[in-house]
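First up is the structure itself, then whatever we jot down about it.
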Amino acid sequence: MIIDILVITMMITGLVFFTGTTVGIIRFPDFYTRVHAAGKGDTLSTVMFLGAMSLYILRDFSGESLLTFIKLILIVLYIFIASPTATHAIIDAGYEFRVPYWTRPSDKPSNEDDATDINKTMEDISI
Amino acid sequence: MTWDANLLWQFDMLILLMMVICAVAALSLKGLVSSAVVTGAYSFFTCLMWTHMMAVDVAFTEAAVGAAVSTVIIVATAQYINPWSKD
Amino acid sequence: MEHFFIGMGVSILFLMLCNLYRVVAGPTVIDRILGVNVIGIKTTVLIILLGTIDRRVEMYIDIALGYALLNFITTIAVARFYQRIAPTVNSDKKESLHSASPSALIDEGAAVAGSAGGKGEIK
Amino acid sequence: MKPFARIILFLCAVMMLTATVDLPDWADPGSPASTHLSPGFIEQGYHETATPNVVTAVLADYRSYDTLFESVVVFAASLVVMLVLRRTSTGTSRIKHFRPKREGRDTILRGAAQSIIPVMQIFALYVLFHGHYSPGGGFQGGVIFGASFILLSLCYSLKFAMQRFKEKMVLICCACGALLYAGIGAVCLAMGWNFLGYAGLAGLLGVTDVMARSHGILAVEAGVGITVMAVMVSLYYDLASGGDMEEGL
């Protein structure tokens, strides 16, 4: 009973973070902010979901469920390594690719020479 | 354990809808790498569908090939293709 | 408890549908690969959830472990593609440089940023 | 012309959708596929081959000719790609990309690759040799093992991966896997049984017929795994470098 309540709580927390990630990915105006939302929220909510699932599996204890539990912990560990690394690689690629960052339309730089370094138009990109 | 088909029809509908969206998008996008990336997303949904139909070996093959190798090879090929050629 | 798991799975599928918007309509390729990465992580969770609903987690867990290990190879491949092939700046077109803005990017970015290898110099 | 093509496409779609009505339902026990051969496999499979996973038993024992020529097809695909693309000297009409220097900026990627690649290879071996009892087998294990070399080549460089797994070694592995598969069949033939009838191995190994079939399935899966692993690495080497093996993706 206590385990059920714990599982439900952790899953709903994970779902809240997943929802936050999705809202961030859809609504944020800029590539860099989207990567920020995806990298933070997804890792934590995946850990929440898999932790809840491993608790639910350990409810009826046996050798096979213990093996499944160990594999789930391995999944959590390697998602914890792989997901931020992938996010780092994406944002490095975006920086090299000169994806322009978002500025508020009211305070755009009036001196246009400042903006030339980073805001390169996509027309000039030859790949 | 019994497999109740009526219990999980929502999964079927949503996964099939997303597969159709991915298939149409992969054909209609302009860039080569964009199409390759959308094809990768399509393989995720295919694997989910096989898992849902309890074809576990097929799902494992789809996971190994679709997630790792096929998209990498398509992207690696796309860097030597001229997208504006007429053939 | 099973109905709760089914509800969770349907909610995750709806969130995947929302992320698919970023994959299909993303302005640049890097946005698309970000969406695919997020969808892959959700797929890992959903496979284990399906296994719990079917009460056969020990069969499905190998697929999820494979996904957790293999999922980011695609992401790294596309990221390397754009890390190594950096843009060369044409200094003659100063006018078009200044007109760069996110709205212009959204209009033409999907066509231009997705195409690779076209303007590479042929030696 | 275009609306005409669309009309034809629409008519074909309608015809195919009407044809799906006649197909049996999902998981229908009365469908033709599950009344003739499947009950035999499901009932006899464990007693004849001592393999709990029926898919592995069907794939590597009852239909092992099919799997043999599948692996030969994969081997031929890698040979054809190498034949078309491989060139020794740098050609004149190759697209050269401008590549910036990246010293010291790949540290995080390399650290993650160092911690993930060993686990990936161990998991691939687990999938290959545990295929009797869980989903998986030779093809999946081979693909995951090849993906580990692809990841090495992505995070470091193509030259670095080719020092670890040389091109000549890749080709030798390609051929040896298919040769192992066919060689087991030839041994069975020499012992007086059919080609790929694994019960012929019983005299050599000193076990019963049923266990001989189980060991034969294991050896065959290892052959498929070696071939598929080498083919994946070979395809990546050829396609990512454009044929001259100088720089990858």
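Just so it is clear, A, B, C and D label the chains in written order, and each chain counts residues from 1 on its own.
In this section, a residue touches a chain if its C-beta (ideal position, glycine included) is under 8 Å from a C-beta of that chain, and two chains touch if they have at least 3 such contacts.
This one's a predicted model, so the numbers in the text were calculated from it and none came from an experiment.
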item: Of all other chains, the one whose Cα centre sits farthest from chain A; value: D
item: Most contacted chain pair (by C-beta pair count); value: A-C
item: Chain centre separation (chain C, chain D; CA means) in Å; value: 26
item: CA centroid of chain A to CA centroid of chain D, Å; value: 32
item: Euclidean distance of C-alpha centroids - chain A vs chain B, Å; value: 21
item: Separation of chain B from chain C, taking each centre as the mean of its C-alpha atoms, in whole Å; value: 12
item: Chain A, residues touching no fewer than two other chains; value: 74, 78, 82, 85, 89, 92, 96, 127
item: Residues of chain B whose C-beta touches two or more other chains; value: 3, 56, 59-60, 64, 68, 72, 75-76, 79-80
item: Contacts with two or more other chains, residues of chain C listed in rising order; value: 33, 35, 58-59, 62-63, 65-66, 69-71, 73, 76-78, 80-81, 83, 85-86, 88, 113, 115-118, 120
item: Pairwise touch network: line, ring, star, complete, or other; value: other
item: Which pairs of chains touch, using the document's own definition; value: A-C, A-D, B-C, B-D, C-D
item: Residues of chain A defined as touching chain C within the complex; value: 4, 8, 11, 15, 18-19, 21-22, 25-26, 29-31, 34-35, 38, 42, 46, 49-50, 53, 56-57, 64-65, 67-68, 71-72, 74-75, 78-79, 82-83, 85-87, 89-90, 92-94, 96-100, 102, 112, 115-116, 119-127
item: Chain D to chain A touching residues, read off their complex; value: 97, 100, 105, 108-109, 112, 115-116, 119
item: Contact set on chain C toward chain D in their complex; value: 58-59, 62-63, 65-66, 69-70, 73, 76-77, 80-81, 83-86, 88, 117, 120-123
item: In the complex, chain B residues that touch chain D; value: 3, 5, 53, 56-57, 59-61, 64-65, 68-69, 72-73, 75-77, 79-80
item: Residues on chain D engaged by chain B in the complex (per definition of touch); value: 26-27, 53, 55-56, 95, 97, 127, 135-137, 139-140, 143-144, 146-147, 150, 154, 232, 235-236, 239-240, 242, 248-249
